[in-house]
Structure formats: C-alpha cells, structure tokens
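The structure's right below; bear with me while I get my questions together.
Chain nomenclature is as follows: A, B, C and D, assigned in order of appearance, with residue numbering initiated at 1 for each chain independently.
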C-alpha cells in the first residue's frame, strides 16, 4: 500500500518533471533548457581544453573535477529522464536517448579501461545534445522547413554529387598523368583526386599545387568550374526553400466566391472578384 | 540683454547647424557629409599607416601632425554636435555619440598615458563613423531592407550556426583522433576544430592539412559539405530578401477608393475595401 | 530448322535481356543496375589504388586479378548489350556505347603494348558509367531540369565567362607589372593570370602571393570582386531554376474542358480554351 | 570627275563596310566578327607568351613577327573603321574607339621608345575588344539584363561594401593587437587588414595565419562571418535578376476586357475573365 501511495503521488510529480525536462512551454521547462545548454557547452569546452597539452599539464586536476561534476549532473539528468518518460525503451533507443547515454558512459568506462584517449573524445558527442535547443520556441518549425527543403531536393543533390564525384575522379586522373612525373604532390590518383576536391570546392590548401603550365591551365579550368557550379547547390536550396516558404504562407486562402487562391494574409476582399474573404 | 540677443539669434543658427550636421536633405548638409566622409577615411588611413614601421620611421612626424589635425577637427565637430542637438544626453549615449567620442578620446589620453599602442588602435573605430553615409539619399531604406531580411531569418541563422558549430566540433575531434598521433598540426581538439572551420568555410589556409589517407578522405567530405551547405545562408537571405522586396514593391498600385497600397500585380479589386482597382 | 527455333526462342529472351540491362522498371532491371553500380565503383577504386606505389607494391597481384575480373565482367556485359540491342551501330556509336568500350579496351591493349601507364589511367573513365544511375526512378527528370536550366542560361554564362576571363587577363598583367620585378611568383603574364584565377575564384593556394603593398592592395580588390561576382552564376542558376520549376509545377491543374495543363495557381479560366477551371 | 565617280561608287561600299565591320546581322558581318575574335585571342596569347622568359628565348623571333602581323591587321581594321564610320570623332572618343587605338599604339611607340616592358603589356588591353562578341545575337540583351540588375542594386552593393570594409578594418586592427607582438605576419594594421580580406573572402592564402589561440578564435569567427555574408551579394543579384527577368517577360500582356496582366506567353484567353486575349 505504501508503494501504491507513492505511485499515486508520483504521477503528477512525474508529469511535472516531464514538462520541465522534455518540454519548453512552461517557464520552468524553458529555464531548465537554457541551464542545460549552458552546462552542455561548458562540458564540451572542458573536453576540448582537456586535449590541449599545456592546459592539461597546468589545470589537469581542475578539468578532472569539472569533468566528473558534469558527468554526475548528466547522469542525474539521464536517470530523471528515464523516470519521467512514459515508454522507457522508446526513449532509450531514440536518437537523443542514445546521445544522452553516450554523453556519460565514457567517463565511467574510463574508470575500468585506462589510457584510452579514444574513449574520452567520444564525450565530445555531448555537443549533439545542443540540438535540444531547437525545441525552444519557433525553432522546431524553422528546422522543419530546412529539413523539408533538403528532403524535397534530395534527388537533385544526388545528381549533383554524382556529377561532382565523377568530375574530381576524371580531373584527378588527368592531373596524375600531367603532373605526376614531375610534381611530388601528385604521386597517385587518390592523392590527385584529393587535390581536385580541394581545388573544386575552392578550399585551396596549397600543400599540393600544379607546377607545369599544362597542369596550371587545367587547374584554372577546375577553379572556374568550381567557382561556377557552387551555384548549383545554392540554386537547389534557394528554389526549394522559396517554394517551401510559399507553401507555408497563406496562399491556401481561397476566395469562397470565385475559388481563386493566392490572397495575401492581410486581404479582406478577393482580389479577383471583390467578394468578402 | 546682449546675452539674450545672442541667444535669440542663436536659435535659428542652431537649427541650421543641426540641419547641416545631422541631416542630408539640404545641399549644405550633403556637402558636410561628403567632406566628413573624406576626413574620416583620411584619418583612418593615417592610423593605419602609422602602424607600418617603415612609414612611421620616415614620415612619423607628418603623421603626428595630421593625426592632431584630425583630432581637432573631430573635437570641433563633436562640440558642434553637442551644441546643436536638442537632447544632449540622448545623443551622448547613442551609438554614434559614443563612436564620435571614442574617435577623439585616445589622442588626448595619449598625452597623459604614454606608449600604449592599444590606445592608439582604438582610434580605428572612427571607421564606424562612415556609416553616417547611410544617411544620404536612398541608403537608409536599403539598409533597412537588409536589416529586416536578416531579422526575419534570425531563427534560421541560429539553427544553421548550431548545425555548423556541432559539425566542426565533431569533425575536429575525429580528425584529432585520426591525424593527431602523426601530424604536427592536429595537436589538440581546439586546434583541430580550428582546422575544421578553416576547411568547412572553404578558406583553406594550408598551415594545417591532413597527411594520412583516412584524414584526407574525411577532409574531402568536409570540403564537399562546406561547398554544399554554403547554399543554406544564401538560400535564407535570398528567400527573405525576395519576400521583403516583393512586399515593398507593388505599393505604387494604390486603391483609388481607400488609398491602400500593397496590391498584387494581378489584383483586380482592392483587397481592403473591395473596390475596383 | 534448329537455328530458326533457337532464333524464335531467342527473341523474347533478348527482349527480356534488354529490359534487364537497359531499363530499370522491372525488379530484375533495378537489381542489375544496382549491382552494376557497385561493380563500377569497385573497379574505379581498383584503378585508383593501383596507382598508389605502396599499395601496388604490397597488393599488386591482387589488384591485377581484380582488374581482370572486372574487365571480363564488363566484357560480358558489353557483349550482352550488343546482343540485345536493336540497332547495334547506334548503340556502339552512342556516348555510353563508347564509354562501355573504353572501359574494357585498355586492359586488352595492355597485353600488347607494355608499360603504358597512360593506357591504364584511361580505365578511370569507367566512372562515367555511373551516370547510368540516373536512369533509375525520378533522376532522369531531375537531371533534365538541371540541363534545361543550364541550357536556358547559356548566353548569360558565356557573358559571365567572357567577363571573368577578361578580368583575370587584365589583373594578371597588372600584377605582372607591379610584383614581377621583386616577387619570384609573378615571373610571366600566364603565371600572373593563373594567380588571378586562383584568387578571383577564392581558391587561394598561397603558392604565389603578392608581397608589395600595391600588389596586396590590388589583390584585396580582386578578392572582394571574386567574393561578390560569385553571386552572378548563382543568380543565373537560381533564377532559371526557379522558372523551370514553376513552369513544371502547376501541371497538376488541368483544364476540365480541353485537358491542357500549365495553368497558374490563380487562374480562373483556362488560358487555352477559355473554359472555367 | 574621276574623283567624284570614285566617291559615288564609294558610298554604298562604305555602307557595306560599315555593315560588315560594325554590325553582325549579315553573314559577312558575322564572319568578320568571328574572325576578329580569333585574331584578338591569338594576339592576346602572343603578348602573354612573349612575357614567358623561356618561350621568349626560344621563339622570340616568331613572336615578334606574329606581333607585327597582328598590329598591321589591327591597324588596317582601325583605318577601315575610321573610314566607314559616320562620325569619326564620336567613334574615336568612344570606349571601343580608344581600346582599338590602344591595341595598336604600343607596338609603334616601341619603335621609338626602347625597352619599356610597361608599354608592351598595355597591348594586353586588346582583350577588351573581345566584348565585341556581345554584339552577336542575343548577347546584347543578356548583357543588358545583367547591367540593369547590377544598376538596380547599386545602393545595396554600396551598403554591403561599406559594411565589409568597416569589418575588415576593425578585425584587422584587432588581430594586429592580438597577433602583432608574436606573429611575424601581422606587423602592421594594413597587413592585418589584408589578412582579414584574404580570410573574409574565403581566399585563404595561408602566407599569414594566426598562431595564438585567441587569434585563431577570432579568425574562426571571421571565417564563419565570411562564409555567411557571401549570401548577401548573392541575394542581391538573385532577387534583382529575378525581378528583371519577370519584368522582361510577357507579364505586360494585359487582358483587353478586364485589364488584368500577368498572362503567360502561350495564353489565348484571360485567366481571370475568360475573354479572348
């Protein structure tokens, strides 16, 4: 009976906890989210600074303490999430559920398995938790528009990527033939393809660069190509976006008399037949 | 009585001064603005040249004289602004009021505190005064459209920046694991994140570049990603802008009955009062 | 008679083969395409790895075996294509027909002519076969939209390229005059033009960079120019695309009387027959 | 009398010459233009190759002969233009008139003034003559649309450039303070501003790059800024262009019955009232 009572009084508390932790509509939920974001950013910063040799040498102890502080905080948070969520398995196997677990696991594993810097770097995935920010306010909708635009243009993106990859393979092979014998940078086709990607995307490290006149001529064409076809992904996103935004807008607002759509949000009369909207 | 007289004759002079200094509608105000812009650019150039060791060595004396000439000019201008403005406190605490003060203060402070090159560099903030140019003619409106478009798309920009930052943190950490042991450039996560930003934004200094095949492969993906997602900010601005411009456009077409503007090019009836257009 | 029988039973088998090899509407055809793409990618990878000295030294024998495996596979495929196609000459002289032949020829030629690494690199053109992927599903249409948009804007692209080429020639010559005497990078006009292209396209290798103040000033202008006029190809593609997409869009809205599509979203009467929509 | 006769028969010949040289509507005029473009490109190539030391050493004599061949060709062309043009002064002082003169003058001047490589490089301005290509076919219209779009957005471009210049001056000064004492690249403010331009425009030579953590942090912000605000010129051009294209399109086609515009080019009936167009 004690257990049932506890369960009873637990229900609303759990719901309220759920509201605070998983939602952002209440002030408490909003504050929780903001606090969480700050803690996440600080913990990511700690992991990053921990990898700097000079900082590690001087402040290593402090970073260690901070790291455990964040780990314990995230552990408590994870347990709370498990407690207040309706379907534990669904949460635990969801993307953010896994990220939440990955955020704390490496620190504990590090107690057992020593010296694995790979393990500690995994903690950087905490940064993914930042996307909980998108829960706040209007961000979900905006992220949705972005995702929809990307999804709608996925085929064009595949065509574009195919084209780019084919281009860099062929250009890389050509440059391997042209520059290969004399230039120490173009030693193999993969290396030349790497150069072609560096050039086509206008990154241009300069660690490998053509030396022969013919190589420089071909490189010039690649650069102008890269400079021009950057227009393609931009065009894809812009057009899709433009349409996604339009579709979202009140163009659905049809005139009840003549049936014509495309009315502005502030229109009171149909612009085609003059009837009330 | 003499004083009152002076005050009397001073009023319209002050108004006229205000017109010249703060506005650009009269020819005198226009010329004042153009002259001011030239002086500002010259003074910024002086500060810049003053930092070049060889020029400082040869023309240091001339630059010193010029600098004081500009300082006195700006001081006079600042006092005139204070005199002719209605609400002194409001002007003095406004953005441009502070910039105007910051433009002259370092030179005077330098008389008291010696050898502080930091202080002298502050004078470069004079360049901000150039934005008074936007007062001229149509520029205010254009700047307004730009600002409105940026404001309207602020949430998308936040989502985009979150995405980019998360990406560079994860990629940087991965590269730290892959290249770290062999490459002298990827010594810590912050350094690797810096490289990821240099690469994703297609800047590509080349001071740090991947050496291992796996590192180059990952770098290639980062480059193509950076090359593609540059489309996102472009798409955001273009779409917002397009709509901001459209909203601004058809204002010429006003309703003859109610006078309201903003009708579409294909509208036949006023959307506000329903009258024929 | 035996022969005729064989021929008889061969007909539908040939048609079915055609369906599998050349089309992607049947499950068998789809699977064939996917398998082909995998094999193509693997064979391209083999050619690329074969050019890496260290891999060639260790796994050269395996790569040789793999290479012949792919060559035989592609040869069988080529023969099957020749067998099941209606008009052999038309296929053999088509773009993909030639690519299919080029994909297998170098390996056989290499048996006769030795030591020609040029010959072996030609095999990389196999990557072009990947464009058969575009046959699958919606990709043909998307590629068509891309091609149409590029075709529609070909004149603007020519004007833009003329402008860019003129710009880099003039800037390159200017830099040759300015930097030439002191900078080891600007030894000739072609070299300086190469630098101008590297800079204008924002690639920026850094193997050649201006040293004199005047050269750096001019370079700054070139960079800002390059940063700005990248907007032109983007604008071209986006606008053309936007219109190509719009033209494609409202086809769903067909006239109930004459069946014609392509009506605007705000149309009330069919623009071809004048009937109510 | 002989003279008058010649003059008489000269008139139509002059008109015909004008048609061939200045216009591109007749087949002869088209062929003349194409031939001219080829000669211009070859002569520019000659000037460029002439500056390469190794080519000059081996083929100097041939280049000299070629150069004079082109000079004589252009001289004949220039004289013909002067002869057949109506208003000689107007042609001679027009942009292309001056370019035509500049294309031939350096070679003759070089006979008098020796050893001036500056003079010979001036000949590269011949490349500007290539813009006569825009006379052909549809190009004039396309170039006009480009020019109109740029002109319409000139104020936004000024605002954008002001913003960029202010940004690089302030960032450059900041980096001078941060990196100056330790980094050999940031020796003066102009040098640091140059670096800021190289970084903001995503060119990224890498000849100067930040070394301190704070400098790299600021550089990262500059890169992301540069990566994002490239959207602004693109947005400007795309939006202006989109509108310029729309304005050019048959939206002017108004319905004679209801007066509504915005009809497609293939519309036969008004989409709003159904009347014949």
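As a convention for this text, contacts are C-beta pairs under 8 Å (C-beta built on N, C-alpha and C of every residue); 3 or more make two chains touch, one makes a residue touch a chain.
Remember, it's a predicted structure, so these values are computed and weren't measured experimentally.
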{"item": "Chain at maximum distance from subunit D, centres defined as averaged CA atoms", "value": "A"}
{"item": "Angle, in degrees to the nearest 5, of the Cα rotation that carries subunit A onto subunit C", "value": "90"}
{"item": "Residue-number overlap at the subunit C/subunit D interface, same or different (half cut)", "value": "different"}
{"item": "Distance between the centres, which are taken as Cα means, of subunit D and subunit B, whole angstrom", "value": "29"}
{"item": "Sites on subunit A at which at least two other chains make contact", "value": "160, 190-191, 193, 202-206, 226, 230, 234-236, 238, 242, 262, 272"}
{"item": "Residue numbers on subunit D that touch subunit C, as the complex places them", "value": "44, 47-49, 51-53, 117-118, 121, 124-125, 127-128, 130-131, 133-134, 137-139, 142-143, 145-146, 149, 157, 160-161, 164, 190-191, 193-194, 197-198, 200-207, 226, 230, 233-238, 240-242, 245, 262-264, 266-276"}
{"item": "Subunit D residues touching subunit A - in the complex, by the definition given at the top", "value": "202-206, 234, 238, 272"}
{"item": "Of all residues in subunit A, those that touch subunit C in their complex", "value": "155-156, 158-160, 162, 165-166, 169-170, 173, 176-177, 187-191, 193, 199, 202-206, 209, 213, 216-217, 219-220, 223-224, 226-232, 234-236, 238-239, 242-243, 251, 258-262, 272"}
